[in-house]
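In the two complexes that follow, chain A is the common piece, with chain B as its partner first and chain C second.
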Partner chain A sequence: MTRRRTTILFFIIGLVVAMLAGWIAVPAALYESIEQPLGFSHVVHTSDDTGMVCDDCHHLTSEGGFAGIPKIAVCEGCHAEAIGTSKDELRLVEEYVKPGREIPWLVYARQPDNAFFPHVRHTRLAKIPCEQCHGDHGKTETLRPLKRNRFTGYSRDIWGHDFSGITTSPPNSMKMSDCVDCHRKRGVRDSCLACHK
Partner chain B sequence: MGFSVKRRDFLGLIGGGAIGAALSPAPWKSLDDVAIWTQNWSWKPRLPRGPVEVAFTHCGLCPAGCGLKVRSVGGSPVSVHGVPGHPLSAGFVCALGLAGRYLSYHPSRIVEPTVVGTDGQRRGIPFKAAVRQLGKWLDEARSGGGHGSVAILDNRPDRMRSLAYRKWLGALDGVHVKGLREDAPINRLRAMLDGQVPELGLDIARARTVLSFGAPVLEGLGSGEAGSRLRGRSGTEKPYIVQIETRPSRTAHSADLWLRIAPGTETVLALGLANILVSEGLYDKEIIGRTALDLDGPGGYRELVARFSPKQVARITGIDAATIKKVARRFASGPAVVIPGVDPGGGPLSPEAQTAAFSLSLLNGDVGRPGGVVARRVSETIQLPGTAQLANTVELADVPDGSIRLLIADGIAGGCAMPTSLLKRKLNPSEGRVVSLSPFERSAMHEADLVLPSTTPFESIDETGVPIDSPVDSMGLTVPSMRAPDYSVDSLHVLSMVTKSNVPKITELLRSRSDRIHAGGRGSVFDPSKGESAPITEFKTAGHLWRALLDGGLWTDSSATFTCPPFRLMGADAAIRDRLHKVLEQPSTADGWAHELVLMPFGWRDAPGDGPLPPVMAKLFRETRLRLDSRFATICPGTAKDLGFAEGDKASIKTSLGSITVEVVLDPAVANGVVHVAVGPSTGAFGDATREKGDQPLDLPSCKNDDCWRVIPAKMLEVVS
Partner chain C sequence: MTKTTTQKRYGMVIDIDRCDGCGACMVACSLENNVSVVPPEAGLHRGLTWIRVYSITNEKEYPHSDTAYLPVSCQHCGNETPCVGVCPQSAVDVDPKNGIVSQIPERCMGCRYCMVACPYHARYFNWWDPVWPEGTEHLLNPGVTPRMRGVVEKCNFCHGRHHAAQERAASEGRSEIEPNEYQTACAEACPNGAITFGDLADKDSEVAKLAAGPESFQLLKTLGTGPKVYYLTQRSWVRDMAAKTPLPLDGQSND
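Right, the complex of A and B next:
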């Protein structure tokens, strides 16, 4: 092997290793995986047997604010006593419903404190479907673990599961650039103070 | 064949690695994450997480007492809104009220007791040591002086807390001193009436004309409800507003008629208007002839005003005679309200100007008639435990100079700033001490000998007071919407510790008043959550009423009928009568003042300069000049040219007491020979602790014998850098 070829080989090795690290190792190391406190099936809750719809739990308040994840009192409406014998069901009743303790759900879509996001304007006025930002979450059998950025504490759903961070259409993340792109496309005000009050 | 790694291979590896890394998102994502990470360090303040709650309360930042709807997250307020339909504020909240919750976190907040040592330096001391120091000074003041040597300065002197102050002072032979506030001139009118006079209010809502002598009527004076009416937004007929003011204020620009009066000539104009009312017979001769005790006779009011012909008044005030006649006739055409205004920074008019202005109300028969000055029902006095008599309540101007040896200042804001020189005049020159109970360093209090940190209005329960324009008594509470910090103290608690006496708690006092109101069975209670009022008789027990008040409700009394008693158009005070007769002997004429420079300090209604601004407002005002602060002086281009100044120049304004450096702002609407400087918001109000003597506009006025500082002779000099 000539000296030139050896150098090229080393160059390629460095290139490949760095790219593998940048695309695979760093994302794997950057995000810690945290399990939800309880198992939960959206499919079971929205099946024809229960007759429930998304809005029963994730509704807008009378003031237009988004109620977010339901309180334990909502769960208690059906789960005052255990329905079935699954381990999660028994834990739900014994550890949360009976003591009246809220379930410390981990929120995939938690935005930073300095971002103001009114759900009512986006879902009612702009008629953006929930799935556009949150994904098809309502059809999941189980709750996936929360992938939390070790540096920032943000959920990976904010940056998006595509580590490249490239904005797609429709967006698969909840970054500021996604918000700005959508606002510009729709001709909506996109000044700093629109979201950062 | 041997394989060896050379330096070049290693460089190739590094180069490939660098390019490979650059072709991956890792470095760019890392930059983003590190940027976010630096914003999330543990010592950075974080927004609270927790349940979202909505509660109703009242704003305690000024006497207007606007109703507030406060949205809290995790126990901390995150947004404030007005309450539609509120009897006093009608949904209005000023910019200060909207941002007032931030004051709790203001950088200039006092977080520990401080005392000025013998070396003149301020240092922190423990709370118990501060109380001991106060007790020692109290003993010294009592042993060294007689009646009135101990005083409490109270900017809202009609609260239940004030009643407890008076009881405490009664046992010490002290005096309860009313601070500067916008409703103070009403007492001048009360002093013109004979006999027992109830509390009075201005019925702006039904007035046909509002004659404002420099009052900020369109900038938030009185209640928000009145402001809505005066702007014609309430659906009712808007009163005709005549603004009599030298400064081109926002009220002056927005009024129906602005009379740009020569500085300090308000008395002359008021008597000139009276001259037209009298000479043209624009008053009820039978009623006024019967009730006015000093209209006729030698040295009487008729003789006084006869000297103020329109031509003479025009020469002195700079307002043409035809306009003066037009205003007088408009004024006499129906119920009118006269407001001898207290400027939030420029202070009150002179006593004779206030008297002359209110004589117009009396002459027009406006006292006791709807749309003029109406009486509020008198609430029954609440008896406090203890045998001591209540101490007298006096206006600050009536306190003899040099008489106070220990002045305790209640920290609540009255909406008006006060010059340092005025306060110092009242103190004993050698032994006078000031103790301030305040959450912040307030203007005249920044030289206090002892400072005890108290709560902000959003952290403690108190009463709101009754706005100047309210025709009826009311009771609303400033229900805390955030927790008071551990280092803050309640003034009544401090007083009870100092004298080891049983001073009631503020909640007990407020509950007593609520119970008394319930027992009286009068008036109605506004429910902010429903936006409607219910008669008090619907509240079965006193506990129900108390609960409603704690939920942000407002009790309003029923209106009273009031017949104007006999009165003196020149007041009962011989000194004021004498000054009225000598007004024309003063040299203030339109020709005279035009060639001299006078400083007219002023204050913004929502940023008067006696306290800090919320940081968001401070930033806004700095960057936009929405409120010119104390760093700017406005002057007309002609005067500036005569003095050799241009827009943006630095100038030093000097008075007999000191000087300030300002930036010149040219405004053609400013009168010749006048320079206007806002007393606040000052640099200190932005959280800058470098407050030096002689460096603040409120240190410049040398209050005259009448405790006024609206017009101050001054010089404007070039700043040599």
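Right, the complex of A and C next:
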């Protein structure tokens, strides 16, 4: 009886160790953590004081392309002079706005080169809110570090943060299977070339 | 939320009597689609050209001799598409909405079975790492992914342009693109206007009218692959030869 108990105990210990290794140790080793070049609070920018929404900065071009992260000229619209005295604010003005240098932001949602994702078709035609894929990024106080895969260079946001895959609530990840799931749910019949270029 | 989209059948009509074999379509295609430059030892069989101009002759003595030029790209077969069935990787599919035959390099494992299956020699294999002459990298088209060594590539009717047209249409709130918003690079580049591209399913389109005309024929029609690229000629020997004979793979090609 004790022998059997010991066997079960060792099995459980082994299982826990394997789970910890698979879900925590391996991902931690696989992804390097890179800090953003500057602190930024989305909350401050989208608060009632400023009254700004996502596409005030992350807008679509007239050709339908997505401009992505705004250029420094957009920041300059308000931050030509420092607003407040925080360290990041002073750095923004001195290091980027005045010399006209672009901020080398790291993009969490950067897709592989062969993926074609027209934002305009999703936001304007299908009326999908930004949050469905990007999560509540607009409500974050600080910018989290980018987790970059050491081998592929892709962001962990693409693969998903939850390695167990149990979480079903969006936005867990931006994998191809997530795109396909949504397309199937909406009855969009597509070939490979619809999303690949 | 189900979207209904109009069924399209993109196709091309090439007027052989207008083609003088200049090769502008080949150059325009390579630039548009980031086709890499192969080393000189590639020779005749290992080059990369999504559209290739073949020359054929009636093999008669002067003054009865005659030459015709045949620009051949992927024929986008609409019936039993030969390359689709043989691919073990599902790297080839036919778009159910517009009939364009695709080739996904990331899925391709380079077995080249599709190249054997294709009766038109329209598929090309990357024998070398893709390179572009120094200084020309900035000419690469950001709308098309370059292919890597060891995969097959081919014409996809300038699908990058289809993407761009869709994006522009969506920015104006339209889910469908207008016929004049999407053209292939070869059709635009041809100085003689020999290539007409459009929607074959649209009976009023120029391409559908030309394809239905008496001078039109398809390459190797007897195989029953239902190509969506049609050819026009008034010369009966060209029509007979092109409809029955496989394309010359040796020496005859104009490259």
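The rule we apply is simple: the second predicted complex is superposed on the first by the 175 of 197 C-alpha atoms of A that agree within 3 Å, B and C clash if a C-alpha of one lies under 4 Å from a C-alpha of the other, contacts with A are read in each partner's own complex, and residues count from 1 in each chain.
As a convention for this text, a residue touches a chain if its C-beta (ideal position, glycine included) is under 8 Å from a C-beta of that chain, and two chains touch if they have at least 3 such contacts.
Computed from a prediction, not measured in an experiment: that's the story for all the values here.
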item	value
Which of chain B and chain C A:73 touches, first, second, both or neither	neither
Touching partner for A:189 - first (chain B), second (chain C), both, neither	second
Contacts of A:19 with chain B and chain C, given as first, second, both or neither	first
Chain B versus chain C as contact partner of A:3, first or second or both or neither	first
Partner chain in contact with A:83 - chain B first, chain C second, else both or neither	neither
Touching partner for A:65 - first (chain B), second (chain C), both, neither	both
First, second, both or neither for A:154, with chain B first and chain C second	first
Touching partner for A:11 - first (chain B), second (chain C), both, neither	first
Shared contact residues on chain A - chain B and chain C	63, 65, 113
Contact set on chain C toward chain A in their complex	1-3, 93-97, 100, 102, 104-107, 143-145, 156, 159-160, 162-164, 166-171, 173, 175
Sites on chain B touched by chain A in the complex	3, 5-6, 8-21, 23-30, 32-34, 36-37, 40, 46-47, 52, 54
Touch list for chain A against partner chain B, complex	3, 6-19, 21-23, 26, 30, 63, 65, 112-113, 149, 151-154, 159, 163-165
Chain C contact footprint on chain A (complex, rising order)	60-65, 113-114, 116, 118, 120-121, 124-126, 185-194, 196-197
